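The following pair of complexes shares a single chain, subunit A, combined with subunit B in the former and subunit C in the latter.
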Partner chain A sequence: MEHAQEIINSTQEIFSSMIMLDVTPGEPFIRNNDKLINSISGIVGLAGATKGMLAIHMTNAAALAVTTAFLGMDVEEIDDDVRDAIGELANMLAGSIKSILDPSGSDIKLSMPSAIYGEDYSVDCLAGAEAVTVPFAFDGLGFVVELQLRKDS
Partner chain B sequence: MGKTVLIVDDSNTMRKIVSRALRQAGIDFSTILEAGDGQEALDVLSANDVDVILSDINMPNMNGLEFLKAKSEIAAIKDIPVVMISTETGADIIDEAKSYGAKGAIKKPFTPELINETLGALL
Partner chain C sequence: MDFAKIITETTEEIFNCMIFIDIAASPPLAAGKQAMGCHVSAMIGLTGGLSAMLGIHCPSAVGLAVTGAMLGMELEEVDADVKDALGEIANMLAGGIKERLSTENIALELAIPTAVTGQSYVISAPKGSQRVVIPFTISQGQFFVEIKYQLN
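Let's turn to the complex of A and B:
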């Protein structure tokens, strides 16, 4: 699937250098509109010549582990620190993908990162977009990174 | 005597990460100040002596480029060196930042070694 390898490279670099976590990629897939349960999603929109979104979806347990490692302090509930950390992860991933898709930096604009969370929610696909989702595992936990792109001609 | 650095980023998490990286980089900063956007940074600069600034680009209220432009118009602070630290490091946006006086750019994700290398030349 297109861009799966870029997602893998960017995710492994960010987790390795910023969080000191080695994450193992799985087989890329298309997520469709599957519901997310007890999870948190960091999302960054892409606008301009190429539209779409970059999202990282984590179970609450994975998000707590990642934020604890990210900040170097114990985090026990989904609070502002967790939402901010997961949003910032999405931001770094989107920036990394953008630098590949748009080396000059002028054709694609990134939105501010946002984070949504809850017991049962969905993140819909962009109409007409090509999508790829890559699962990652670490320490018995997991998360997925999803990229949706639609190039307007 | 240690230096004073100002970290400008709307993400509280990223300000903590940059602070940690500065300590790991081994640069002798006696004071680390923080601001959540460009306007807050101008307020901090009006009340503190700062040796170097690390600023994000993509921020609400006043973004990093708007901050650079505003800072360049204030005589008392215009010469304080600024390094952009951002996910946005495309050539066009960095050229624009440098046209407003930025001295360099660090791409997120970053390492303490890269911060040391970049800031070491400015201090």
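Let's turn to the complex of A and C:
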């Protein structure tokens, strides 16, 4: 699937360099707007000639483990620190993927990250973009990174 | 950059001219307050002279009423039509904001809309970002138009 390898490279690089976690990629798939249960999502809009969205969807347990490793402090509930960390993670991933897809830096601009969290929600991208999602595993926990892109002609 | 005024004017314009529903704007929510009781949202990123996320948040009944008016059909559940309609409204709102800010020499580009639906979710913004939320009332209830932004 197009862009799966870029997602894998960017995610492994960010996790190993910024969070000190080795993450193992699984088979890329098309996420069918599945429900997210007790989860948190970091999302960043991509604007410019290529538009889209980069999202990372994690269970609460994975988000706590990642934030604990990221900030170097124990976090036990989904609080402001976790929401900020997951939004920032989405921002870093989007920045890394942008640098691969758009080396000149002129085609894609990132918007502000948001975190969505709750017991039961789904996140759909609209407007007929092409989507690919890659699952990752670490320490028995998992998350997915989803990239949706639409190139304006 | 009076976002309360910009959002109110843009939203009224779109609902009056494109959706043909009467809406009544209320004053912005107090700082720190979020839209509550919403089960369908659409959001879209804007970037350039500032970095922002524009969102519209509705209880299901309001999302169904707005979509029904837009499409000229009765809807019974929050389905793909409702998500698409709200995404399109978010897109139009962001376009209106972009146009108004261009007159203040703030250039913006839009991302593509994302829909969030569910029984229980909250959308947060990074620390240090500003948030303006305007409630609007229609006969089925209230919806909220929100912008979160940071100066670049």
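Definition applied: the second predicted complex is superposed on the first by the 153 of 153 C-alpha atoms of A that agree within 3 Å, B and C clash if a C-alpha of one lies under 4 Å from a C-alpha of the other, contacts with A are read in each partner's own complex, and residues count from 1 in each chain.
The rule we apply is simple: a residue touches a chain if its C-beta (ideal position, glycine included) is under 8 Å from a C-beta of that chain, and two chains touch if they have at least 3 such contacts.
Since the model is a prediction, treat every value here as computed from it, not as a measurement.
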A:129 touches, of subunit B and subunit C: first, second, both or neither? second
Partner chain(s) touched by A:103 [first = subunit B, second = subunit C, both, neither]: first
Subunit B versus subunit C as contact partner of A:121, first or second or both or neither: second
Most subunit A residues touched (candidates subunit B, subunit C): C
A:88 touches, of subunit B and subunit C: first, second, both or neither? both
Which superposed partner A:72 touches (first subunit B, second subunit C, both, neither): first
First (subunit B), second (subunit C), both or neither touched by A:17: first
Overlapping contact positions on subunit A, where the subunit C interface meets the subunit B interface: 80, 84, 87-88, 110, 112-113
Subunit B residues touching subunit A - in the complex, by the definition given at the top: 10-14, 16-17, 20, 58, 60, 86-94, 107-111
Touching residues (chain side subunit A, partner subunit B) in the complex: 13-14, 17-18, 67, 70-72, 80-81, 84-85, 87-88, 91-92, 94-96, 98-99, 102-106, 110, 112-113
Subunit C - residues contacting subunit A, complex: 42-48, 51-53, 83-84, 87-88, 91, 109-127, 129, 148-150
Subunit A - residues contacting subunit C, complex: 35-36, 43-48, 51-53, 80, 83-84, 87-88, 109-127, 129, 148, 150
